[in-house]
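Next come the structures, one after another.
Okay, so subunit A shows up in both of these, paired with subunit B first and subunit C after.
After this line comes the complex of A and B, so read on.
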């Protein structure tokens, strides 16, 4: 029988493995007001062994869930344009709460200024929609290094 | 309305649909509308405000919306539920975001409103003072009409 780790090593050398060196799954919080995007990210990450610890439909809910689940969130994917509280504000508040938080922004094209602002505020990287599976896993891999 | 406003939306629609759905689309003949016009059944509106102002509407029949959402999600969706609406709005978001980047590269500066989806039968759309240019595009899933009405802010 081939262990999951062996398969991962063969097939996805440049992609993110959803497991920590200890073998535990990496726990992700997805913050996005689009059910479609949440589902896409869930499918991509779940197939690599990540665990979706929680999802949130706006920045305020994302911030609340991050605080509630802290320190059991290893990675946050954060949409930029959302109702109630946008992703840049939520990022800023998460970084105030936990300066080591690993947040990756998810943006449509046309939001370069907000992406740059997010990176200055502490976001570790960004993903541009439409989501490409390989690119998503590469960006996440760079954040988890 | 200046044609340079239109082309970025058409190119963005072609490229985004090809990426997301993996299909080629065929562009129909452009036409202008300056009076009330019917909406096909499912319409997503994104507003623009800045150096230029106006709106873009992505208009399609319900069956087309269901087929597009089904293909984007990799499962058969038969009702206009929240997932279908979110999927169609996200497609409009992606196309508009790409088009806006191109328009910004041309020197225009403006913001977008979040997409709004309307669905229903026998709806009509009326413009005030801005002629609308409609770009029909044919996909294997059905016809999508990109309805653009943009003017420079006075």
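After this line comes the complex of A and C, so read on.
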């Protein structure tokens, strides 16, 4: 599959952006109730060398997995609208648990308010659905720099 | 792109449909404005914005066919905006067709299918052709980034310290902790970014970790609103340095650049210097109105500068407001499932009933108190007479000489007298409290009810908005020139009514255009302006909404109508009808005067259907017309269907509610004033004969036990100006607000009953269906039924 990003050449310079300077892969927790989005993020990130350490289908599960795997999670992608526990609450709890957590919100268009709230609560950045490969990687790398 | 979408996100889809509806409306309305004034810049901008929004939204939910079409549409609109494409009739037509296709696409998606029509490609080509030589690829991002670049340039010339005045800067510098520096960080944002209103907060959040944010311009509240700010100033106290801050605020896809300045005491000095100069430059420009002069600078200067700064700021704010107003008004609207509101309304209705119950309980308490008081005073009297008897005991003897028993008795009597006084006070106080609370409760439930009703109210503009397009298309196809005037668009009415009002209104308007207005030549010959006028007017009249559709056309030709009605066997040729009555014939089923059945009015639906629809909404429709001058349809509707004012009546042992807007009059009449004509009971009021129905007979009610022997009957006249009947009831009980509860399926077809309600005392009462009673009186078959029924009863 040739994604838009490969053609722009942006990623060429940062080939393996999913690796830490030490060469270890960056471990990601994907929290999203949509299998579709989870699959897409997995695809985008795996191709760059990230390792998907775990996935969770709602905020509660996401929080539990984060605690369980801590400190072996480097990055969390957090959907906003989810059953049981929404992404903003999950983010808040994760930040309480680990104030250095790197959480990036995944939002549908039109959820500006919640994204702003998340950013003020400590989310490092956000990505907007529908996901665009280049932008996802751009925003994730800005969080990791 | 579609692979990335979660197709199951119903909420997102619903949001999209709502968004699409708004944008389509925007498109349609503005295209029509554009048709009349091709130079209306705001309108073109609005159109472009709507197409752009729609395109983005469609892409989000992966409705590609729509995204593609709107993309082309956006290109055309951009060309128009840039002045490369003139707004001609073919252009407007093509745009309108595009809007229609967009509507169909959205409708299909709502039904779960996808719009596929070969016409779409054709349409796209048609739109493309409008573009001419212009580059088809969207110029939108380019132009928007272009404009932000312009802003950058313009801003670069500014004095970097100018956003703060001296006082503000002094204040900020005082807030600094040791080792902290004050930075002014000016950040430019990318308008083309998705959700571009987040940027201000995102940078805020990033800076928050680097130091203390002392101030932002625009302020935090403004950043938190859903408005795009092209640039924001942050004033941060931090130990960090410029490069790391720059790094922090450079967020790809969010910010486009930044200017970072360290503000120090020297900046403050420089600021003061500059001000001094500017003051000496322009002495006469001093502003009046003093501010506190916290600095050693002479106060006149401070005034001048703070005044200037304030006015500068103000103008900046107005610009922002203007930009944000549209978005803001949209974002402050909360979408709620109407079912939720209905269930709230239902609950509050129950509360209204409960309130009445409590009210009655409270009244009972007060009666009880009065009763208790009289009982108590009776008892006191008796005790006192007992006491008196005791007093009759030999008076001569001294108190101490009285026998012990008598003394005890006397003491007990005194005690008895006061025994319940304390209780009475307490009882009274509580009953008063109850009454007060009940009154408060009544007020609260009243306003709650009103508030919830208010939520259900929508301006009629949502309905009227459909008409400019309709009239335009119709007038083109009929080749008539028509101006449509909309009045009272702010008039609000219940959402449930609005939805059912569209068809009848369309029908009336079509009727006006098709049958009412003459073509241009005829009008010219008659000395009328060539362009006909149709006015749609809405307004309130008490608790009713009045909607009028009027035209300045030919009016109803009474002779023609009469002739048609005779031909169709609707009336006998010698029926003595007033002109108004003849006009009303057009509402009869199967009536159509148009010589040829046109595709516009003659869709097999006559005005009788309109009447039925309006009556279903508990409304009335009237027509008034003057030959040669025009016709007006006047529709009257209740504000809401859920709660009505009812006249409570009793017939035999049952209570019934008659909707008050159907009650014309009530009379106490002598029994022998009721006459029999052709076996039917009638009553004569002035010169008018009114058929009479007896509720007790209609519903086969047993006569009340205590057979009243009275020479009088109570008659309620119900109906409307044209059709009325007298309803004989046993007594009138008063008016009450009642909440209509629909009857369960099994009973919903019960003749004469529109629904049920629960009265204040908790009993159930049926609501009379006035329309059905009127129909029965008019229909001949109904009459015979009625007679038989009567015969059986007797």
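Everything below uses one rule, namely that the second predicted complex is superposed on the first by the 130 of 145 C-alpha atoms of A that agree within 3 Å, B and C clash if a C-alpha of one lies under 4 Å from a C-alpha of the other, contacts with A are read in each partner's own complex, and residues count from 1 in each chain.
Please note the rule applied: a residue touches a chain if its C-beta (ideal position, glycine included) is under 8 Å from a C-beta of that chain, and two chains touch if they have at least 3 such contacts.
Keep in mind it's a predicted model, so treat the numbers as computed, not measured.
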Touching partner for A:36 - first (subunit B), second (subunit C), both, neither: both
Most subunit A residues touched (candidates subunit B, subunit C): C
Partner chain(s) touched by A:116 [first = subunit B, second = subunit C, both, neither]: second
Partner chain(s) touched by A:83 [first = subunit B, second = subunit C, both, neither]: first
Partner chain in contact with A:142 - subunit B first, subunit C second, else both or neither: second
Subunit C-contacting residues of subunit A that also contact subunit B: 34, 36-37, 81, 108-112, 129-130, 132
Residues of subunit B defined as touching subunit A within the complex: 16, 19-20, 69, 72-73, 82-83, 86-87, 89-90, 93-94, 96-101, 104, 112, 114
Touching residues on subunit A, where the partner in the complex is subunit B: 34-37, 39, 81, 83, 108-112, 129-130, 132
Subunit C residues touching subunit A - in the complex, by the definition given at the top: 1-9, 11-12, 15, 56-57, 59-60, 62, 194-195, 197-198, 201-202, 204-205, 208, 224, 226, 251-253
List of subunit A residues in touch with subunit C within their complex: 34, 36-37, 40, 81, 107-113, 115-116, 119-120, 122-123, 125-126, 128-132, 135, 138-139, 142
